[in-house]
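Okay, structure first, notes after.
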Amino acid sequence: MVRKVLGWITFVMVLTATYLVFLWVPNEKVMGPVQKIFYFHVASAWIGFLAFFVVFIAGIAYLVTRNSFWDSVGAASAEIGVMFTTIVLITGPIWARSAWNAWWTWDPRLTTTLVLWFIYVAYLLIRSSVHEQEKKSRFSAVFGIVGFIDVPIVWFSIRWWRTIHPVVVDSSGLAMSSKMSFTLIFSVAAFTFLYFYLLSNSVFVERMRSELSELKEALLNR
Amino acid sequence: MRYFAQVRALLWKDLVSELRTKEMVSSMLIFSFLVTVVFSFAFEPDSDTIKQVFPGIIWAAFIFTGILGLNRSFINEKGNDCIMGLMSAAVDKGVIFLGKMTGNFIFMTVMEAITLPVLFVLFDYRMKGSPILLIIVVVLGTLGFAAIGTFLSALSVNTSNSEVLLPIILFPLITPLLIAAVKATAVILAGGEFAEWSNWLTILLAYDIIFTVIPWFLVDYVLEV
Amino acid sequence: MLKAENITKKIGNTTILHGIDLNIAGGEFITVFGPNGAGKSTLLKILSMLMKPSSGNLTINGVNALKDTARVRGSVGVISHRTFLYDNLTAEENLEFYGRMYGIDNLRDRVTEVLSEVGLELAFNDPVRIFSRGMQQRLAIARAILHRPEILFLDEPYTGLDQQAVEILNSVLARLSIKDRTVFMITHNFEQGLDLSDRILIINKGRLAFTEKAKGFTPDKLKKVYMEVLGGAVS
């Protein structure tokens, strides 16, 4: 029931966000329509970080409670997080190409996202390399915690590393009209709903799967 | 204290075992030489480029070689299920972490102490800064690497594809360590001022502390029986 | 001494142990039989705290062994399918290492003592790598009794032992049980398993299928009972 409502809200929000981005908000003067990618880029980046924060919290919750629900949450959130950071890493270069005429810049934000992506791909790899369910949950919870703690250190070190070069992108320096900032905030909100909708779906499927295998086993032991 | 007596016993065991076979340190040494030679083929050894990438070469050699040692570290314990005996004897999983980490740190340091001079000779590099500072940076970098590396090696050894998995899960996490170590080394080799390298040393120190303390807490969950 | 309640172990989707209840009194010598894959080793690992059960309780000497594991580890000795020995270390060094981990006083003397007890006094300085299977098993026995555990868990301890070593193990075990040591032994050998035993358990398909005082059992009678208990499983 809740998932259905969430689904509809998400649907409407994403549709509206698409409308706002493509039809309502004015083009940015210098870059033109390419700049519109920015709304999805930022929203995806936000979801990426949110997802990994959830992985971190779910990891702690799992180790404390040993309830496999938290493991499902962590796993689902990491998958969604990897998906959205992948979007960031794809949209980033598209933006970069038209803004600074280079596909990739080792800008702190983009680089941190790349490292983040690697960390959570590693998280998913750990999950696929362990076959015992309990061990899988435990290892990935531990790695999710350590990985998340690493993120701020990655960010600071990369920022200091790049300060010798001019800071190329700075969103505060981007002249944003009020329509633009509204669109941005709306897209972020829409993506957040999308995230929670995807999360609840994955967790639900995962729950069903483990319930099914429990039933199967109960039948076998009869 | 019982706790540290156990850490010492574990370290003693690993050192004796290594002194007997010299397997780990010798293969690490050969490997680090090979990495060095590969780099000198990849970049003209006499060119100016080499002077610029020299700090990077040092750390690339250390870290690739370090992975080799880390992978062995817990695989040795799997042989006759020794890890089971170890866990049934240890008061705390933290003992195993600290003992193994110290061992890995020592093996890496031995390898580095031999590799580093060789690197200077092969690339004919003249350093302008203080050797003491360089040693501090190497020690701090190695410490952090041994800490998080030992922890993840304890984790990966229990998976189905441990030797491939370890570098994949370790490298992303050590990016800050690597950046800080390379930068600090570069500044110190060039004889830079305190203000230029202090930031990097702070990162190294912070990384070492964070990634010794947190794995030390979490290792209970990794080595859970 | 040891109390296990409703011990269940699941790995993946298969249940290996189905709610096992077991009470072991101090000084009791328990012998466990059962077909391959019945779950004997798994139960032994759980009772000796080498593995966590999926659910259930374990109390050793009044201590909750699943929570306060560190407090009771020292009172448990294990001989498993594997030896837990380091191949590159000598027999003496192996024992010294474990002795240090257990914090044993007068370690040197104790090591010499157990080495001669298992008949390895001449091989003390050889690396375990060159030991034969039986010699390794002897050293594994030495390692398990080194810290004078109150409960000894033995998983098929006779495998690989020659006649002499079987005698040695038997005399070690006999001495242990006299000294009020508790023993939990898994074996497939009806004769050797019976001699010292106080109680017999048969485990089948992860369940405790049979438990009875060992008194009055002969190997033949045991064999018959064993076949009956397994029923359709052996055909």
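Just so it is clear, A, B and C label the chains in written order, and each chain counts residues from 1 on its own.
The rule is simple: a residue touches a chain if its C-beta (ideal position, glycine included) is under 8 Å from a C-beta of that chain, and two chains touch if they have at least 3 such contacts.
This one's a predicted model, so the numbers in the text were calculated from it and none came from an experiment.
**Q** So with touch defined the way it is at the top, what topology do the chains form here? Options are line, ring, star, complete, other.
**A** complete
**Q** Report the chain ID whose CA centroid sits closest to the centroid of the full protein CA set.
**A** Located nearest the centre of all protein C-alpha atoms is chain B.
**Q** Just the number, please: Cα centre separation of subunit A and subunit C in whole Å.
**A** Taking the mean C-alpha position of each chain, the two centres sit 50 Å apart.
**Q** Need the CA-centroid distance for the pair subunit A / subunit B, whole Å please.
**A** 32
**Q** Indicate the whole-number Å distance between the mean C-alpha point of subunit B and the mean C-alpha point of subunit C.
**A** 39
**Q** What are the residue numbers in subunit A that touch two or more other chains?
**A** As it turns out, subunit A has residues touching two or more other chains at 131.
**Q** Can you tell me which residues of subunit B touch two or more of the remaining chains?
**A** 224
**Q** Please name which positions on subunit C make contact with subunit A in the complex.
**A** 11-15, 18, 54
**Q** Report the residues of subunit B in contact with subunit A in the complex, numbered from low to high.
**A** Going by the criterion above, the answer is residues 148, 151-152, 155-156, 158-161, 165, 168-169, 171-173, 175-176, 179-180, 183, 199-200, 203, 206-207, 210-211, 214-215, 218, 221-222, 224.
**Q** For subunit C, which residues count as touching subunit B in their complex?
**A** Counting only subunit C, the residues touching subunit B are 45, 48-52, 70, 73, 76, 78, 80-89, 93, 97-98, 100-103, 127, 143.
**Q** Could you please specify the touching residues of subunit A with respect to subunit C in the complex?
**A** 131-134, 213-214, 216-217, 221
**Q** Over in the complex, which subunit A residues touch subunit B? Could you list them?
**A** Interface residues on the subunit A side: 63, 115, 118-119, 122, 125-126, 129-131, 135, 138-139, 141-143, 145-147, 149-150, 153-154, 156-158, 160-161.
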